[in-house]
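Given below, in the form of structure tokens, are the structures.
The same chain A turns up in both complexes below, where it pairs with chain B and then with chain C.
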Partner chain A sequence: MTARRMAELLLSHAMADGVPAGPLLRRLPSHSALQAAQLAEAGQLEEALTMVGFAADQAWIAKRWPAAARPVLARLSQLPDGLVFEAPVLQTLGYFALVSTLQLAAAAALHRLVVPSLVAMSPAVGATGGHTLLLVVVLDLLLMGAALGIGVWVVAGRHLGFSPHGWRGPLGLAREAALAEALRDAGAPEELFGAYVRGCSRLQGRGVSPLELELIRTHALADAVFSLQRFLGGLRLAGYGALTMLALLALSTIMVQLAQLGGRF
Partner chain B sequence: MNTLERQGLLLRQIAALRRQGMAHHQALALAADGLPVGELRALAQRAGRNLTKGGEGTASTPLEALLGRSDASVEELVHGAAALEARLWAQCSLRTARLYYGVALAGPPLLACLLAWVTAPLLAGEGVDGGMVAAMGAVLRWSGVPLAVAALFLVRSLHHSVAPGYRQAVQAAALLELASRGGDLPVGLLDPNAGAFFAARRASAGSETAARELAAELCAESQRVQAIFGQLAPVLGAIALVPIVVVGLGAVAYPVWAITQSLGRY
Partner chain C sequence: MSDPLRDLQASLERLHANGHPAGLRPSRAASFCRALASGSSLEVAAAQVRLDPRLAASITLSGVRDVPTVLLHLIGIVGASAARGRALRAMATYPLILAASVACTAAIVFGMMGPIMPLLPLGGATGHATPLLGALLGSLALLVGLSLAVFLRLPPFAQGWERLDGLVFLDSVRVFVTAGAPLPSALRGAATWCRGSTRRRALALARASEAAGGLPQLEPLLDAFEGSLLLSAASAGALPQTIEALLTQRRLALERELPAQAMRIHVSALLLAGSSLAIVGGSFFATYSAAMVR
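Presenting the complex of A and B:
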């Protein structure tokens, strides 16, 4: 359990039980907790909670309706964690990096060991083979770079809060619906509930009855899964296709060169 | 279905029937009737008989004791089921870890052995310089399987703590079981943050509530760790196989290199 998660759990449960956040924050071991305690005691609870790791929407709810803090935890635990959700993308990129590294090493070894002999026998034939193998090496490097770039794009997108992936929108909508359900579970007044919904960019303008919220959440989750699967399908097809083509190119180059040389002796 | 799964399901069925207003002994009898013939059904029926006798007879397991208590609350039944499910998660994490560690450790010697047998006729052919390569091939042919078996034994005997998510699941199960029995909870065994959370919640909400809140979090953490491990471990397994793949590629590249070298002599 991380210190940030411990603070989130402890404060959520305690606030739901009616315990004030300030004294609790003072007892937390983190450096920012003392500053957060001062903010909380000065009436800036939302800022204090954000400082110890609460998400902005969670802090907004916890300040205005502390009884909802526990239902919020329960509802959010039913949503997929970012890293768990995106792990299949990282797995696929890991395979790409591994296979393209091996392929790169094989092409480089062939270029270093076989091409000089071919050039010695027939400069024209050997040079063609050498150029093709160099092309394979360069394309493998580009593929590795692309895999690394996509990995950084996926991980950075989650940490920096921008939404480059198709599944981020549906996941965000599912989160907004889950938090609205938590407010309903905790019996929040209609004005507060309405204010929360008006502040939600994705939920705004949709039906917010309990049944509608549940439907929005489940549909948004299914939509996020489909979106991830579409992305993975394209990524795997393009990546494995490119790696297979490069392997065939390297192999066929060597075989064709050998066949061309064979006829000369 | 696993025994723990069946036990958890039985407790959840009884809790659901109790929530609908049924008495404990009736809910137990109904749920026991729905079980397939076996040890668990016998245990449930024995608990039911003890219950009708007014608590006479001794329970052989904590589950039987819980089933045989007419004053067991619905929450106790649900938390009992949650403890069993946490144990199930622990088993699951151990099996997954053994599978991936087994493949990563036993896979390379097995593949090397297979490669050595397949390339044996080539290495024994006319014109191939034997020596070191032939000796290596012979070693791999005969040592691959024993090495793989030794690796599997090693994986089998690995300490449970190396299974990702196992520790959290076991701690969650222990917390739930101890909370339902009112036992003293081993805070020192928890990691510092979990321990601090437990201590703070115990002070404000009581030991049982604190244990249940922490157990829920530990279970979720265990599932999260297992899910990530399940996705990323195959990549690590594949990395373990890289040396063998390199040898395999070398086996393909060597004849090509030898041909070009011999052609170059003309």
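Presenting the complex of A and C:
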């Protein structure tokens, strides 16, 4: 368990039971926890919680309605982590990068080992084959670059807070709805609930009922999964298509060269 | 307009604002609730705003009075079911993608053979291609058939759909029973969400719950144990708890079934696509080597 997760669990349960956060933070084995304890004891609980790894919305709720800290944990544990969405994309990109590396190696080996013999037999035919194999190498490099770029784009979206993926928006909405449900579960006053909903960037509507929150959360999650499937479908179709075309281009080049030299064997 | 209808209007508007497909634009939500307030039947009001007609039909058949609350619960059930159905249908696209890739590869390979053959020493020797081409078309047809079997709920890929139908049925029964409907009416209302033979089985269960008689055949909607448990729970006054327990088990079974079905489809599709590619490759090399080697 990471220090961040341990702090989140300990503090959430303790605060829900009415235990002050400051002394507990002092006992956590990290330098930032000590600084956070000083902040908490100076009345800056929200900043203290953020310092030990609470998300901003979670810290906002924990400061204003500590009883909701435990329901927040329970509700958030039902949501999939962003990594669950990124993993299949990264896995697919890794597969493409591996296959394009192998293709690149095969095309480079053909260029180095076969083309010189072809050039020796017929300079014109051999040179054409050599150029085509170089083109395959370059296209494979471009494909690897594209896979790497998409991978960085997908991971950066999570770490830098921008939203390049279709599933990021619905996941954010599901999170906001889940936290609103946690406030309802903990019996937070209507003014606090209203203030939370007003502060949400995606969740709309004052006075939203628990049933509506559940509908919104489940639909947003389903929407996120569908966005991922769509993205993965397009990515796989494009990737498999490009890899197949490149393999066929390399193969056909050699076959055509051999055919053109057929009479000289 | 009464308070529950005003609340329903606000709920439908909020769902729309949050991107839920069952939500209604403010003007349509107002028109729907005004129609209900003026005494229009639920079916007529729902038709005016193009709500799923099964929503109105199931509520009417169940005979529940708290229409706004039940409507919102049913919207949730239908939405969740639609998402799972979408996941099931998405599984059908995988064999199609593979079929398209294989067809494209085959077209390129066979298209490439045309210009190459005349250049080869024995360029006329292409006799192996025809039977292999037939086998390739057969494999492609099997891939498309696999996709259709998933899409059209044919065996052995019907189980996911059957479990989904059973879940929607039981969940709807739970909503109607919680809203005060007696079990037979709740079963009739929930039967609206079933189709074909499963619908007939749901209605037979409703009849059996009214008249003390033998339990009809319920598979694949419910198994016999679940059916008898429902009827005995109704007579013992423990229906909501029993339905909740059955629902939990059904949800778990569906969560297990979906990945298992995806795995079955992926493995079958990969085997078919692999054999198709082997045919294409084998055909090409057989023809090519026959034309090259004396």
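One rule holds in what follows: the second predicted complex is superposed on the first by the 260 of 265 C-alpha atoms of A that agree within 3 Å, B and C clash if a C-alpha of one lies under 4 Å from a C-alpha of the other, contacts with A are read in each partner's own complex, and residues count from 1 in each chain.
Heads up, the rule we're going with is that a residue touches a chain if its C-beta (ideal position, glycine included) is under 8 Å from a C-beta of that chain, and two chains touch if they have at least 3 such contacts.
Only a predicted model underlies this, so the values are computations on that prediction, with no experimental measurement involved.
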Combined model on chain A: chain C and chain B, fit or clash: fit
First, second, both or neither for A:L203, with chain B first and chain C second: second
Once both complexes are placed on the shared chain, angle at chain A toward chain B and chain C, C-alpha, multiple of 10 degrees: 70
First, second, both or neither for A:L102, with chain B first and chain C second: first
Which superposed partner A:L258 touches (first chain B, second chain C, both, neither): both
Touching partner for A:L215 - first (chain B), second (chain C), both, neither: second
Distance in angstrom between the closest Cα atoms of chain C and chain B, superposition on A: 6
Doubly contacted chain A residues - partners chain C and chain B: 258, 262
Contact footprint of chain A on chain C as seen in their complex: 7, 10-11, 13-15, 17-22, 69, 72-73, 75-76, 79-80, 83, 86-87, 90, 93, 97, 101, 104-105, 108-109, 112, 115-116, 119-121, 288, 292
Sites on chain A touched by chain B in the complex: 1-3, 5-6, 9-10, 13-14, 17, 19, 24, 27, 29, 77, 81, 83-84, 87-88, 90-91, 94-95, 98, 102, 105-106, 109-110, 113-114, 117-118, 120-121, 254, 258, 261-262, 265
In the complex, chain A residues that touch chain C: 170, 173, 177, 202-205, 207-209, 211-212, 214-216, 218-220, 222-223, 225-226, 229, 233, 236-237, 240-241, 244-245, 248, 252, 255-256, 258-260, 262-263
Partner chain A, residues of chain B touching it in the complex: 191, 193-194, 196-197, 200-201, 204-205, 213, 216-218, 220-221, 224, 227-228, 231-232, 234-235, 238-239, 242, 245-246, 249, 253, 256-257, 259-261, 263-264, 266
